[in-house]
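Take this structure first; my questions come after.
Letters A, B and C mark the chains as written, and numbering starts fresh at 1 in each.
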Amino acid sequence: MNTSTEVIAGVGLADQARKSLWPARLDWLQSASGLLLALFMWGHMFFVSSILISKDAMWTITKMFEGYFFFGTAHPWIVSVVVACVIVLFVGHAFLALRKFPINYTQYKLFRGHQKLLRHGDTTLWFWQVFTGFALFFLASVHLYLMLTRPHLIGPYESADRVWTENMWPLYILLLLAVEMHGGIGLYRLAVKWGWFAGSDANASRKNLKTLKWAITVFFLVLGFATLAAYIKIGIEHAPNYGQHYVPTWLQNAPGAVK
Amino acid sequence: MRELAAWGVPWSRIQQGDREVIINSQKVTITERAEAQGLVAQRDFGGTKKWRTCYVSDGTGHAMLQTVSDQAIGASIPVHERTEAIALIHDGSRCYGAIVRNLITGELVAYVAKATAIATGGAGRIYRVTTNAVICEGIGTAIALETGVATLGNMEAVQFHPTGIFPAGILVTEGCRGDGGLLRDVDGHRFMPDYEPEKKELASRDVVSRRMEEHIGKGKGVQSRFGEHLWLDITLLGERHIKHNLREVYEICQHFMGVDPVKDWIPVRPAQHYTMGGVRTDHTGESATLKGLFAAGEAACWDMHGFNRLGGNSVAETVVAGMIVGEFIADYCDRPENEVDVPMGLVHGFLRTEQAKIDALINGRGSESGDAIRQRMQEIMTSKVGIFRRGEDLASAVEELQQLLVKSRNIGLRYKVRGANPELVTAYRVQKMLKLALCVAYGAHTRTESRGAHFRQDFPRRNDAEWLKRTLATWKGDDTLPTLAYEPLDIGRMELPPGWRGYGAKDYIDHPDTPKRAAEVEALKQQLAGQSRFAVQEALLPYAAKLPKSLQGRNERIDEMFTNEAAK
Amino acid sequence: MTDTAVQAAHTADAAPVAHRRLRFNILRYNPQDTGSVPRMQTYELEEADGMTLFIALNEIKEKQDPSLQYDFVCRAGICGSCGMLINGRPTLACRTLTKNLDAEITLAPLPFFELIGDLSVDTGKWMRGMSERLEGWLHAKGPEPDLRRLEERMDPAVADQVYELDRCIECGCCVAGCGTARMREDFVGAVGLNRVARFKIDPRDRRSDEDYYEVIGDDDGVFGCMSMLACHDVCPKNLPLATQIAFMRRKMVAIGWKK
């Protein structure tokens, strides 16, 4: 493989099998999948929060993703395809991240004892990252499956009905908290893990990154809760008409409005 | 240095071009040649005229140690950590190894060896105030002494450093005074000009140390729970200077005392710094009296330092002696006549004796406290056998140390565990340390002159006529004093006959042979004027043949480059 | 400050000041002694100006309890022997000032390493094993150099960089503070990764990235690090551990995708 094998230590390594390259790849894949998921979540959050602008804005974005403005008709299966991709990423990321979990009670106990004794910020954050990651196995799965199978039920009324009348709001509160915590910590960890933005004074950069991380988390939590509240409000108001689809204002009086 | 460089020491390297340095508080610009770029750099240190000290930024010793340790691991050399030799196995003429105690399990093991080397460093901890590490208790030196056969040389030669921070004893550099720092007493009075109107704080290490102790002796020290100290005031140097030029001092003050030297005075007191004496060896590092016993570094009296030591020479000795003595030990082990034919009865006898001593400490009904004895010994050494030595103090120190030695044979333990037991360790070590302390105190008392770091207030002159000789101490059985003998030095073979060494009183008493040799040296130099420095060296003091074969021959230098033939 | 003012300040200092009474809760346990069980023992001591834990522990041992085990060697922060948990945080006892701590101080031995007794742990044994595993010594290029010839030249800036990483004193604080190491005892720790980085940047070492991959290219090596960075934050020598681990991770991942 390379000439330095024999001389690496003069301890007969030449006869040994080379170390597997997979740990390197898995490490990279874990980070890459995490990064993609985090970026997706940012985008996703902006899209769903369009409800804060208006129902029409949210409707427009939804239909845009269903290819309505491209094909002239809505194709919710496009959303299903995107969701399927996210599921693949999500499952892949979860699978890779499992390597880092405490795998038995002894490890768990050791880590928790260590965390409590050390009282060190990034160590404590790691625990919360694992904790929220674990919660996401279940919380995110439910949501992703719904989106995969019912892509046509995304919209100002449709989503609001799901949140309120279909009792999804408790799950969404937890999901929101878990996603924003997990993603925020994860992005910060990615930066320090790979030495991004380290600059000439790595300690100062890390401090700034940490501040930025909290700022982003707070921003998305505020945005997220405001959005959720908006859907709940619409959901309560729309409960009597549960199941009815939203029709944008400019089409409400038009014949043959989009379903 | 080159071997260490090849092993991985990241020596600071020469950067070609101009740079500014401070020499004697003056800014000077030095220009490095382009052809020197990337070679190992050297700086001035400890006031030597020639810039000759290689360094690794601010952590020379650590970097060297790390590299040598790495190489030892790379060569699969086992290191038995947390074990200590407590006696040497010998038959009165040949050393066969050592009885070694495992500090974790308490088990005694006999290590049988063709050659045994002692490299345990100095014995600073026989003093209360010392810059030495906590483990510098001189036990290696002491077990050589306890053979009754091996000799210790020049034990009374002990160097002190004026500015150890108090009470921890960590060194702050002399640069503090060099740059304009002042010494103050309990009243905040700057006292050095009273004693040394000309040089003030800038007097030599020994003089400043002595004056500080003298001033404390006059009751001008600052009282604290750990004893008395004086103040080092560098506040007048300003924040910028302290945080940049004296960064290390700043950090030591912050970390180890919580003192901000920009605003506060630093508590200091002269501290024991270096043990020039040690196991007396010949040039190969072997004891002249106990075959198969070698010593190297601070634990040895290899004659690199004499009665005082220059800055930088301590680490230099460690690696140079390590290289040379190490080579000689390997050669020694290779020679068939040095095969050991160990009488097993002898080995067992030593093992039994040492075990019995430990058993006696654990099971005995002694009433003395090892810690108390140790503390008293350290106090006596610091107050009476320190920088400033007087006959009567030394006599009373010798007297009391002897009493302590007798007491130490009656130590009782409160904590009777055989394994890891610090009380037991203190107990058997203090018995050994007291013997070293007595070698120092008794040697200092007997040497009625001042020489190097040994300063007798009652005999302030160096007296070559009577005292140009090496002190040799041996210890016989249950004695309470060492047996001292003196070995004269041969001036006729000296390259640099005794003269004024740039410090201390100039009014020394010459040895009768000195003028003769001085004239000889002068004549030789004139005769060989114009010849190469190698020829001059060969005529004055040939030494090449005394080196191990592998180390003989010239070394290439930037101004003495080898041609290809010369390299052969 | 004027001379007289300083003097006044210091003479005032010399007047007796009421010192705090410190309470040390120290973990006592001697695994060698079959009758010994781990317990906390309390010692009281009057604080002094500029008191470090080195001074305090020595006073306890000399005056109160000669059986107390702890390690100090250089007591100047350069040998790395006195690492211990001070109020839960791994650090060097010799350079910890009591005035920076509360009057109630809890001391425990460094976790992870083999306990010798009380506050004393065998870091040396682990460090040796680590060094053997990582081949933590310079692997020189070519045959042994002729030491009588001029030494190989080295760029002064590179020499300084190597020294920067060579400042590690192997005190074990990074490993004791590492959540990964606590859960997975084969993890090589920041001390090990820093060691490899030190040789990697040393132009005198002949090893290639492939060779380093052989020793740290797995989940016990650089990919085991979960970037909690307690190592970096507790390092008494302020080594740039975060950036060095990130550096090695980038290099090792590059090997993973090279083939």
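Simple rule for what comes next: contacts are C-beta pairs under 8 Å (C-beta built on N, C-alpha and C of every residue); 3 or more make two chains touch, one makes a residue touch a chain.
Quantities reported herein were computed from a predicted structural model and do not represent experimental measurements.
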Set of chains whose contacts include both chain C and chain B: none
Among all chain pairs, the one with the most C-beta contacts: B-C
Centre-to-centre distance between chain C and chain B (centres being mean Cα positions), rounded to whole Å: 27
Distance between the centres, which are taken as Cα means, of chain B and chain A, whole angstrom: 65
Rounded Å distance, chain A centre to chain C centre (Cα mean): 38
Chain C: positions in contact with at least two other chains: 135
Chain B residues within the chain C interface of the complex: 1-3, 5-8, 10-15, 37-41, 56-57, 59, 61-63, 66-67, 70-71, 73-74, 79, 81-82, 104-106, 133-135, 167-170, 184, 186-188, 222-226, 231, 233, 235, 252, 255-259, 263-265, 267, 369-371, 375, 413-415, 417, 419-423, 426, 553-558, 561-562, 567
Chain B-facing residues of chain C, complex: 1, 6-7, 10-11, 14, 30, 32-33, 48-50, 52, 54-55, 61-62, 66-69, 72-79, 94-95, 97, 99-100, 116-117, 120, 122, 124-125, 128, 131-132, 135-138, 140, 144-156, 159-160, 162-163, 166-169, 199, 202, 204-205
Chain A contact footprint on chain C (complex, rising order): 85, 88-90, 111, 135, 139, 177, 179, 182-184, 206-208, 210-211, 213-214, 217-219, 221, 223, 225-230, 233-234, 240, 242-243, 246-247, 249-250, 252-253, 255-257, 259
Chain C-touching residues of chain A, taken from the complex the two chains share: 1-2, 4-5, 7-9, 13, 18-28, 99-100, 102, 107, 110-111, 114-115, 117-120, 122-123, 125-126, 189, 192-195, 198, 202, 206
